[in-house]
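Letters A, B, C and D mark the chains in the order given here, with residues in each chain numbered from 1 onward.
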Amino acid sequence: MDDWLIAIIKVVCIWVWVLLIAVVMTWVERRGAALIQDRPGPNRAGPFGLFQPLADGIKLFTKEEIIPTKARKILYILGPLLFSVPAFSTYAVVPFGDKIILGGKEIILQVSDVNIGFLFILALGSMAVYGVILGGWGSSNKYSILGGLRSTAQMVSYEVPLGLALLAIVFVYGTFSLRDISLAQQGTFLGFLPNWGIFKQPLGFILFIVAAYAEANRVPFDLPEAESEIVSGYHTEYGSMRLGLYLFGEYVNLVTLSGVTVALYFGSWHMPYIDLGAYLGPISWGIVSFCIFFLKVSFFLWMFVWVRWTLPRFRYDQVMGLGWKGLIPLGLFNIFITALFIQLTV
Amino acid sequence: MAKPVVKKEYTLLERIYLWEILKGMKLTWGHFWFNFKACWRPGPHTIPTCWQYPEDRTREISPVFRGEHMLQRDDKGREKCIACGMCAKVCPAKCITITKGKRKEGEENKYAAKTYPASFEIDLLRCIFCGFCQEICPKEAIVLGQNFELARYTKEECILDKHKLLLNYQKAKEEGKLRPPRKRVPVVPAPPKPEKDEKAEGAEAKKSKVAAAGKAKKKPVAKKKVAEKP
Amino acid sequence: MNQNPTSQTSYESDNYVTINIGPSHPSMHGTLRIVAVTDGETIVKAEPDIGYLHRGVEKLGENLTYHQFIPITDRLNYCSAIPNNVSYEMAVEKLMGVEVPEKAQLIRVIMMELARIADHQVCIGILGVDLGAFTPFFYLIIQREEIYEIFEWFNGARLTNTFGRIGGVDADLPDDFEQRWEELKPNVRKANDETEKLLTHNRIWMDRTIGVSTFSPEDALNWGFTGPCLRACGVKRDLRIDEPYCMYDKFKFEVPVGKNGDVFDRYIVRMIEMEESIKIIDQAYKLYKEMPADAPLMARVPKVIKPPAGEVYSALESPNGELGFFVKSDGSAKPYRIRIRPPCYMMFQALPELVEGEMVADLIACISSLNVIAGELDR
Amino acid sequence: MDLKKRVEQCLGPENFVVAMTECQGDLSVEVPKRNILDVMHLLRDTPDLGFNFLSDVFGVDNLDLNKPKKKPKKKEEGEGAEVEEESKEKGPLPPRFEVVYLLLCLERNERLQVKVRVEESDMEVDSLYLIWKASDWPEREAFDMYGIRFKGHPNLKRLLMWDEFSAYPLRKDYPLEGQGEERHLIYDD
C-alpha cells in the first residue's frame, strides 16, 4: 500500500465521515430543538425519526430544479458550489485522531498535515463568502440581495477577530500546524491544569467561539437568513439540491469549526490527566484517540444547537458594532497580554 | 416629531452578554433534560404537552363540543325533528335546507310528530359551528356531536343529508359520546307586573329563546307566521 | 393599493430600494402589507397597505339579525374572540337598556381575562419569534392550549367560541373549572417566568427592543392609541378602571405603565398585565362561588331582539386596547349600522411615524409589538 | 354640571347646535357641516369640556331610515298608515349621509358623539387631520365605503378596497353580494 493509495482512502473516509456528521447533525438539531421546546420532534421516519435526514436528502434530490426567470443564470448556479466546495475542503487540515500503525505503516489520522494549518482554514473561510454573495445577487430578489450583503459584511468583519484569536495561539505554540499544536497539548501546566489551549488562552477561546458562530451564520448572528426579516436571506430562491448544497455547506462548516475549536483549545485527542497512548497498543490508541476527538467535537456541535434555541437574534448594526468595536479591541488586547506573558515567562 | 431618545443603562452583568446567556442556557437545558428522560418512556404520549394525534386519541373531548351535526331519535327510535325550520332561519351562515313531509298513517313508529323532514341538508362547507341550531331547536332534535374529523375528498360529501345525520347519531350512541340533555339556563324572574296591560299579559314569554317548549298557548299563533317566511 | 405607491413622491432616486413586505410574509401577522422604501437597511418611508382580509363585516351586520351577528364578532380579533363578543353584546344591551345579572357578568369577566392572557401570550410569543427567540413562543403557547381547553369545556369551541348571548351568558362555568384553573395558574406563571428569564435581562433582547420605535405620550394620544401600547408610552388609561363595566370596580388590580413607549415597554406592560389578569380571575371566581347555584344567568330578553330606534357606542378594554361597537337600530330586527372601532386599526396608521429612520429589523419588531391582527384591522 | 348643559353652554352662543339627542346615556350633538372645525376646536380647548381624544370617525347612510317600511305587516296596518302621513308634511327628506365623530375626555371619562349631515349632492367635509392625526385612516375608510370626501386630508385614497374599485360598498343601495367587480393586476414586465 503506497502512500497515494493511503491518501485517497483517507480523503474518501474523512469526506464521507464529515458528510455523515453533517447529516446526523440535521437530525440532532431538529430533535434537540424539539426537546428544548417541550415537543417530541421528528419521530415518524424511522425509530426516533432517525431516517428524517435521509428523507430530507431524498426530498432535496428529487425536487424539481427551478431557476427563476429573472435570475442571472451563471451566478445562480455558481453560488451554492462556491459556498459548499470550500466548506467541504476545509476539513482537510483538521485532525481527527492521533496516528495509527497498520501493517507496519504509520498513518497520521489527518488528511494532510499542512504546516500552514489554520491559515488554510481562514483562506477557505473567506472563499465561502463568494458563494453567499453570488447566490444572493444571482437570484435577483430584493430579499436575497439584502441577505447576501448582510452576510458578506458579517463574514468579512468576523474574519478579523477569528484571525486575531488564532494569532494568539501561534504565539503560545509557535507553529501553525494543527497537528503540532495538538501534540503540544499533552501533560499539565501550572501543576493541576491540563495543558489545553483554553487554559492558556481563556479570552482567546471566547473570542474564537463568538467569531466562529458569526462565521457559520448561527444564531445569534444568523442575520443573512433571518426568516422573520428577509425571508431566509440569500437562499430564498433556491430549490432542490442547490438549497441542499447551501444547507449541507452550513452544517459542514459547523463540523469544521467545532473540529478546529477542539484541536486548538480543547487538547484534541488527549484526556486531561491520563496519557492513554502509553497503555494502549498502536491500533487501539488510534481508534481511542479518534473517539475522544469525536466526543469533544459532538459536544461543540451540541453547543451550536443549544445556543441557537436560547437566544434572540442581533440586529445588523449591532453585529457590526460588536465585531469591530467589541471583538477586535479584545483580540488585540489578548495578543498584547499573550506576548507580555511569553516575554516574562520564557 | 422629536422621538424621545432612550438612555440604555445596563448593569455590568447585563453589559457582558455571557452571564445572561448562560442563565438562559441553564433553563433550556432543564427543559431538554426533562424531555430527554420523558421520551424514553414507552407509549405515544410521552412528552406531556404534546399529543401524537392519530395514534393517541386519548385526549378527552368536552361533552358540549360543537363538532359534526346529528339528528337525534327519541327513546322509541322515532325521529324527533318536526321540520319546523327554526334552525334554518336562525343559522347565520344559512347552510340548513329542509323540505317538510306529512306523516302518513303507517309511519307512527318512524316519526315522533305529524310532520317530519323529507330531506334535511347541512352544507358543512358553509357551516361555522356556532351551535345556534341546536340551541333554538324546540324538540332538541339537531345536536352538534363531538366528531371534528370533517375532511372529505369531494364537495358533495361535505353536504350532510338526513341519512348521514341519523348515521352520525347512531355512531355517537354506540360510542356513548352523546351530548348531555340541555341544561335550562336560569333567567331573571319576571318583574312583578302591577298593572295588566294587553301586550305584557299576552306574551308571557316565560323563558328566553333557549327553552321555547314552555310557551303560553297564544304564542304559537305568532310562531306559525314566523315559520312561513323562507 | 395601487401598483407603485411611491412613484409620485421624491423617493425615485437610485440608491433607494422599495421592498414590498407583502401580505404573505413570514413575520406579517395575518395579511398586512408594508411598502417600505429603504436606503440600505434604514427605512426612509414605510406605507402600510391594508384591506387584504376585508370581509365586509359591517355590511354583513346590516343584513343579519342581532342574534346572528354574534358569531361574526368572533372572527375579528381571532386571538381572543371573547372580548369581541362581550363588547358587541354590551352595546346591544345598552341600546335595549337590559341589565345583565351579576353571575353572568362574573362569568364574562373570568372568560375575558382568560382571553386576555391567551392574547398576550400569542403576542409575546410571536414578538419573540420575530426577534429570533423561538423557544419562549412554545412555552407560552402550551399554556394557551390549556386556556383553550377551559373554553372548550365551557361552551364547546376553542377559538371561535361565540361566547354569551345578548342579555347574559348561555352556559354556566364547567363544574371542574376550579380544578382546571388551579392547575393552570402555576403553569401560566411558570411560563411567564421562563420567558422573563430567557428574554428580559438578555442584552441581545434589550438591544433589539429598548429605544426601538419609541413614541411620546402626546403623539400616542393624538394618533388614538389605546391599550398596552398607550400605557407603554406612560399614559395611565385603562377602561376597566376609568369606565368600569361588568363589575370591574369590585376588583383590585394595578395598571402597569411604561416610560418611553418602545417595544421593550410594550413587552413588559403585557407581561405584567398577564399577572394582573390572574389576580382578577381569582377575585372574580371567589365572588362567583358566593353566588347561589341557581342565580340567573340570562336577563329577560324577547326571543327576536328588536331594540328601540337609537344609536349607542359602548367600548371595553380588549387585550389590544379600546374595542368599541357603535350600534344604530331603526327598530327592526336587523341592525341599521354597526361600526367596530378596532384598537390596532388606530395604532397601525401611526406606523410611518413609528418606524421611519429605523432599520428593517425594527419595523418587524414594532409591528409584532403593536399586535396588529388583520382580522380586526380590515373587518 | 351635567354634560348636556355644558355642551349647550359652550356651543350654543354661536348657534352651532342643530340638534341634541340623548340615547341610553350617550349624548349626540348635530352640528352644521361648514363649521365642524371650529366646533372641534371649541370642544377640545374649552377647559370644562376638554374632549382631547378622538375615538373614531365613520359614516352612516340613512337612505331609507326616514321612509316608511315598504311591507307594513297585517298587525301594524294602523301604524304604517300614520307614518306615511307624518313623513309627508315633514317636507323633503333630511340629507342622506352622516359623519359621526366619537370624542372622549380622558380626565372625566365622558364621551360625546358629534354628528354632521352630508347631502348626496355635495359630499365634502373638512378633515380633522390637523386637529387629531387619529382621523387619518377612519376618514379614508369613510371615503372608501361611502364616498364622503374630506377636504384637507393629506392622502385621501381608498383604504380597504383596491384603488380601481368603482363603487362605494357600504352604501345601502349597494347589494350585499356585490356587483361583481374584479381586480385586474397589471404586471409591468
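Details
Keep this in mind: a residue touches a chain if its C-beta (ideal position, glycine included) is under 8 Å from a C-beta of that chain, and two chains touch if they have at least 3 such contacts.
Worth saying up front: this structure is predicted, and the values here are computed from it rather than measured.
Taking A-C and C-D together, the chain pair joined by more C-beta contacts is C-D. Put simply, the C-alpha centre of chain A and that of chain C have 45 angstrom between them. Taking each chain's centre as the average of its CA atoms, chain A and chain D sit 65 Å apart.
Chain C and chain D have Cα centroids separated by 26 Å. Inter-chain spacing, taken between the CA centroids of chain B and chain D, is 39 Å. Residue positions of chain A touching 2 or more other chains, listed in rising order: 36-39, 309-311.
For chain B, residues touching at least two other chains, in rising order: 21, 24, 27-28, 31, 49.
Those residues of chain D in touch with two or more other chains do not exist in this structure.
Screening every pair of chains for touch gives A-B, A-C, B-C, C-D.
Residue ranges of chain C in contact with chain B, taken from their complex: 64, 67-72, 101, 135, 142, 145, 149, 152-153, 155-157, 160, 162, 165, 167-172, 174, 194, 197-198, 201-204, 206-207, 210-211, 214-216, 219, 260-262, 294-304, 353, 357. Residue ranges on chain C touching chain D, taken from their complex, read 1-3, 50-51, 54, 56, 58-60, 62-63, 94-95, 97, 219, 221-224, 235, 237, 242-243, 310-313, 315, 322, 324, 326, 328, 330, 332, 336-337, 339, 341, 345-346, 348-350, 378-379. Residue ranges of chain B in contact with chain C, taken from their complex: 1-6, 8, 10, 13-17, 20-21, 23-24, 27-28, 31, 49, 61-62, 64-66, 90-92, 128-132, 135, 144, 183, 185-191, 203, 205, 208-210, 212, 226.
Interface residues of chain A, counted against chain C in their complex, comprise 33, 36-39, 142-143, 146, 219-220, 222, 226-231, 309-318.
Taken in their complex, chain D has these residues touching chain C: 23-26, 28, 52-56, 58, 60-61, 65, 69, 100, 102, 106, 109, 111, 113, 132-134, 136-138, 145, 157-164, 169-170, 172, 174, 176, 186, 188.
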